[in-house]
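Here come two complexes built around chain A, the first alongside chain B, the second alongside chain C.
Presenting the complex of A and B:
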């Protein structure tokens, strides 16, 4: 168990090592790279969301001068791949299952020629009824007719269009509900939404004999390596993934996919091939969006606020393929319970296939929507009980010794402290104009323990290099590794360079997902540094002819404790001896014990490791005549354990809150009856701008936490967008007097709720 | 049909031969080889491609290269004096206004244009000036701080 040993240092200026190349425009992102002789790729997408392919004719495309390769499923191994269920092929074979399904890929001398060739591919279909209403997918035509033959995780509870089913069961919710003094019910629906990194994805592949190097804007290079190896049936050792600077991900770049197409095209074209997505493709063709949901909740409490019973029924839209999002049913079920003490629980969550874009991890998958619903439910419960919503939360939030939804007994955590800090910062309870109000929401998110590995080596001049499998998507998490390593060695962060995002260089890593980079990859970097520290101490003890237990590493020197004049510089040590190099992984923290015997669909989320805890309070202004909501201020209080890099951590909160505001108010993908996206452009899918973004005040509740990461840290990246929508929803409700039960809470929906509430 | 033009980018004249339909962004990135300006949407919605044209910010994705013939173009690569950094660039790093960095070139162009026309902007003026530049990482807070920090009369060394 790692705990905090000492208060963190005062906030220090932190200039990220990749900063200079980013502000000068000299840094290279994938789309900025060009290889000599490269060809350009375009993909042919499905013309319908659900159809049987009866004929594909690529002869005209192949005959177009300047076209180097045209590939369909016939030209690559017949392999099905996917995260927890292997339900997908590189190129559609018998059916297309959503509008972004890839039927063919073209490589040509120019992007324009490739585009022209794509349009010359003749595809004939037998159209099938698309399953668009995911909540009614059970009983609808099968999205995957051969689902039973798809290999996959048996614990998911797959059954036809239902790819996953999970329950959280504690006590007897039915009996307890009958005994409750007050019961509130709510039904909430959410549109799907998008990650929208500002960098559209790009992939370049080049073969060297039987080996392929792929430059890709991926958050998960090791998953991309495994994917390329799987679909092309080549060894992983024949695949190298390099990630140039990555222009944001937010989960949207968290799965293997297009690297396979481009590698196959480059092999066929016998030259490097480059694929760059348009913004429209970044909406329509990527297999990653935030899932739409239907959330039904029923909560019963005693008059004093004790939550005696909580029932929930959730349906999540998986879209056409599993990808890495197969765990969503259980994750959503946990978030439907939230960080509350609830005596009896029955929550069931179904994850359903549909003929729309696949849902996979977008920043805290399932949490913002579920939290948005639950937090409105908690406010409704407070109103029904005649209690202030903050007071109800004071009485029911988890604390040390409390039991979670699966009887996980929490050790020390700062949940309630985040509540108090948030309401203090927002000025809860003060008088406001009648069109303004404050809303509060609480949430949580687990840390994910995963293996990782790193190397640290020192050079002859006393500098060093950290080689990590970790992935830098922009958060700065990897950029802070020199701080962690230097501290172990009595050196300066500026002494270290970083080698990262190259699968040939470093051990496997999960990637920049799950808020896990500092937690796991940081732990590995420290472990590697500790090995180097031991080597330095041995060398110093021999050199100084003292007991190694008496040697410490401080300020670039190895010196005798209490006698600092007896010392040798690290520069001298590495210059004379060595080599000094270490490798490390560290011990992966184990998930806490719980009692989930009665739960089905258990996929590892039934207990929350080192939970990250959130309270956000939003101050909003609502124009009742137009339904337009303006967020004036957000107060965000987080327990993410000890903060390693305050500037970076604050940046995660401000960015997450603003992303959360978009998801709350303006960001929703509209899907028509044919399963097509109606607004795949930034003009119609509105991100929050600088002019709309509010003041954001941040407080860190740095709580010593069991099984925390390096220096007592927990994750940071995902929680900031978890509670924002709920806080805004409750604030809107406090202005208009009625909940808005559809997400995003667009002006039309707010206006409609206002009218209906007044009737 | 291709046309001759001379694009003067960051003070260097580049004779180019371009299609009439080629955007300024395409020519600067693909022909001249300056890739600092980014394509985020190709539709004037995200601002990642912004350049200064005779000192005024434009979305170069939606500007024809031929329209820039004979005019002064400044890209992000032209902002830093010599080996150093412009005050805005330095402020952006010190304030933590850079995360993934993909919006950064466009942000710097917008902010440079703002400070040249309004050396002492208010926070609201900064936010409005940057409203055409989408950032998904930072929530804008630290970018706005950086612009204020780099503005005239701001006490040096204190966070904006």
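Presenting the complex of A and C:
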């Protein structure tokens, strides 16, 4: 429970309910919880990225004094689970498929004993050739030998190591390419990268009879609940997931992860069991990273810039398991087309299994890398045409009435306005020192319509509580619900407490993913408030003996429109009876129409609902001798519809740009030939530090949007990191005169490109 | 059974060490390394952070004495170090982040003996020596002889480093620079130190060391040779930097390829030399030199 307070700063709409406890250190995260009698869990991970398990001997671990439970696949139901393809078991059975595959779990009196027990587990393997080069996975040994028997989404186009295949087809790209005045081609590769939440994950499970409560640092409590129920073969009603404060997620804590392991250990140990990850595990063991990609693009245009043909071939690294990331091929294919008017398109994207960490949603999955490649190609096209890159974008970006890659006809949107605002803020075209330059990139991201539910109730003293299934991952989206609800009731945000992150309390919610919290859960909270509003109006009309239509709720009162002296306070109304409680979901906006007949692997990304539009411009300085790039300023202009909470929205852009700079310049997971991560620690997985953060100037292009969320809003969380690396790439190219076609654009890669460009 | 002793006297500390205890000063290498899984925490630990005789910076009689517990933050704040041993200030000023510099000590930095550690190059170039104490007595040896390999020193396990002494080099301009991928929390992928004495516009003494380019930080005689007698201008600096790069034995790892490291050795060494020459001429190059030299704003 948290209570909203009124802010002291004029520019803040409100103080977020979880703000004070986070700032003062009073906040309790999952790892801070300790239950009486709790035991500690450690997991035994695979010793090889790809191997057949020939023997697992846990006898020495079980015999160690202080060890309460040791579990392998033999001790839990033989269930395969997974978001879009059910290809994974809680504990590996026949084969291990990546270095983070879990073979066994231990619960012991102390974490040290658990660690010791884990090392006493003997595992024998027959080593298999690891599939590390995901782009060549199609002819390689099968990662999942029994893939055909795994159940999963049939539209994905699964075939051996290829788990997904999607195309975007519009017109005849081959014929149009042959007719183009100018054609540019490029091949771009990206390393996989990580979400790196500052809070390493933690899970605690405790059983009461045949019900289990799991405290978990998850972004998706309801998916975690479903996961526990599935793997332990118990009803969802027997599982309660509670999320204490969440210390960041960035997508890495989406999906069901370790709640099942810990629940199983707690049941076996007959005690509460706690698992807390080390930083290394947060890199190596989580089945959630940003996918590596190989992107080949070819674009043909007429002399005036009209894009007549666009071809693309993308391969994405799925890693060892599917999880919820099975839609990536189609999502990447859409981003390979981008927010441009293109007359003819053929883009195909393959999502391949490999023996490395699974890829799943990290903040705008597939978009930053694909946007980075496409935006470099658009700049190259401009150079080839002799046009200014901004001018080419002016001529080709989507606008109202334009057709998307699948002939979705766009309603009003602010794409071009974001371009103009970003260009203006960065001072495009001005004279700069010879080692500095500006680059511009555009991108987009859809809103996701999903069901959600909320309750609102008023208490006898005129305060209220909002009960929501939404998950707060730090963005402040849930924290803004009191604003939305209070507005409906003529009350103040500070009147409301929030009950959230408890699956026993609130209706199902998709969770903190897909930039959807305000869009869907906010809609539900408003719908619940509207029910209460109706109840209040009824009660007020009776009390004041007036027509219900004549009553309005303002400043904590129900009063007669035009005659404010005839009024009753909401406190008095609720004190006299009730009930005043509402529930709501609201109508889920439908996906816009499109013509995707010719496209395969359609998973719902073929049209973009209420698209969020992005232009970012980066001003960089390149040390040509070393290849070190410093970002001096980023101008970010976004159309996210109407901004509900400016301080929160600005925070999302600031954080997204800083994350985007890391992805652009320093953040890449390196994998060796054996499939092992070479830099699973923060010294050599280099995040952008506060000292590296540039000036960030933000503009909101608030465009009235069809099918928008509450108050005309769209999503905000993911788009800010979509265009950053593309803008930086184009700026670097403008200094060194040659593109850098590997992401991240590390100093060594920039230096290499500079030298090769000079030859 | 692990033990932990909080020593209040040097005698107590060396006593514990003779019984096998490992000293911990700021703990930023020892504890952080253990949590990162580099090496488990030693079974027996003696905390030395309350030993007053190991504290303080003194500059007198042409010698700088740095107690082993002197922190990087203290080094950077000391006017005498900034003035006469600027390269050392450059080095301490870029260790980790502010928090690291407040806790991390010069003694820990030296005894941890990382080939990438910051203060080693400046200490070698200034001919610093270390005072080691044990129950058997005390001895002094050059830092150059102390650093033996990655994570290795020639000190015995029971020897406590109590102080570092650095002879002054009047008129010297000096600089330590490293390649930095980001502005804070960096580790040297390539580092270089230059100490230059000018007389009548000519280089009379030149000392060059390379960092993170070999199993230990090392002086490069060929580079020093290339500078002596020259005007310390661009051509001389380049020749010396090339010599430094040629003397490096870089590896390829997650941080960089050997080729890139070798190429950067020449760039960073040249920049360090140029800054040292500028300082020897009395020109102002801000501390730390690294960000300024690499053109950051």
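General remarks:
Convention: the second predicted complex is superposed on the first by the 746 of 759 C-alpha atoms of A that agree within 3 Å, B and C clash if a C-alpha of one lies under 4 Å from a C-alpha of the other, contacts with A are read in each partner's own complex, and residues count from 1 in each chain.
The definition used in the following text is that contacts are C-beta pairs under 8 Å (C-beta built on N, C-alpha and C of every residue); 3 or more make two chains touch, one makes a residue touch a chain.
Quick caveat: nothing in here was measured; it's all calculated off a predicted structure.
When the two complexes are overlaid on their common chain A, residue A:689 makes contact with chain B and with chain C alike. Of the two partner chains, neither chain B nor chain C is touched by A:169.
Once the two complexes are overlaid on the shared chain, A:751 sits against chain C while remaining clear of chain B. Of the two partner chains placed around the shared chain by superposition, chain C is the only one that A:670 touches, whereas chain B remains out of contact. In the superposed pair of complexes, A:679 makes contact with chain C only, with no contact to chain B. Contacts of A:385 after superposition on the shared chain: neither chain B nor chain C is touched.
By the touch criterion defined above, A:265 lies against neither chain B nor chain C after alignment on the C-alpha atoms of chain A.
In the superposed model, A:19 lies in contact with chain B only, and not with chain C. Within the superposed three-chain model, A:198 lies in touch with chain B and out of touch with chain C [touch as defined at top]. Comparing which residues of chain A touch chain B with which touch chain C, the overlap comprises 278-279, 681-683, 689-692. Chain contact summary for the complex, chain C toward chain A: residues 35-37, 97, 179-185, 187, 254-257, 260, 263-264, 267-268, 294-297. Within the complex, the chain A residues that touch chain C are 278-280, 435, 621, 623, 625-626, 628, 630, 632, 665-666, 670, 678-679, 681-684, 686, 688-692, 746-748, 751-752. Residues of chain B touching chain A in their complex: 29, 34-43, 45-46, 48, 75-77, 79-80, 85, 89, 92-94, 96, 98-105, 108, 126-128, 130-144. Of all the residues in chain A, the ones that touch chain B in their complex are 13-16, 18-20, 22-29, 31-32, 196-200, 245-250, 278-279, 473-476, 647-648, 650-651, 653-659, 681-683, 687, 689-693, 696.
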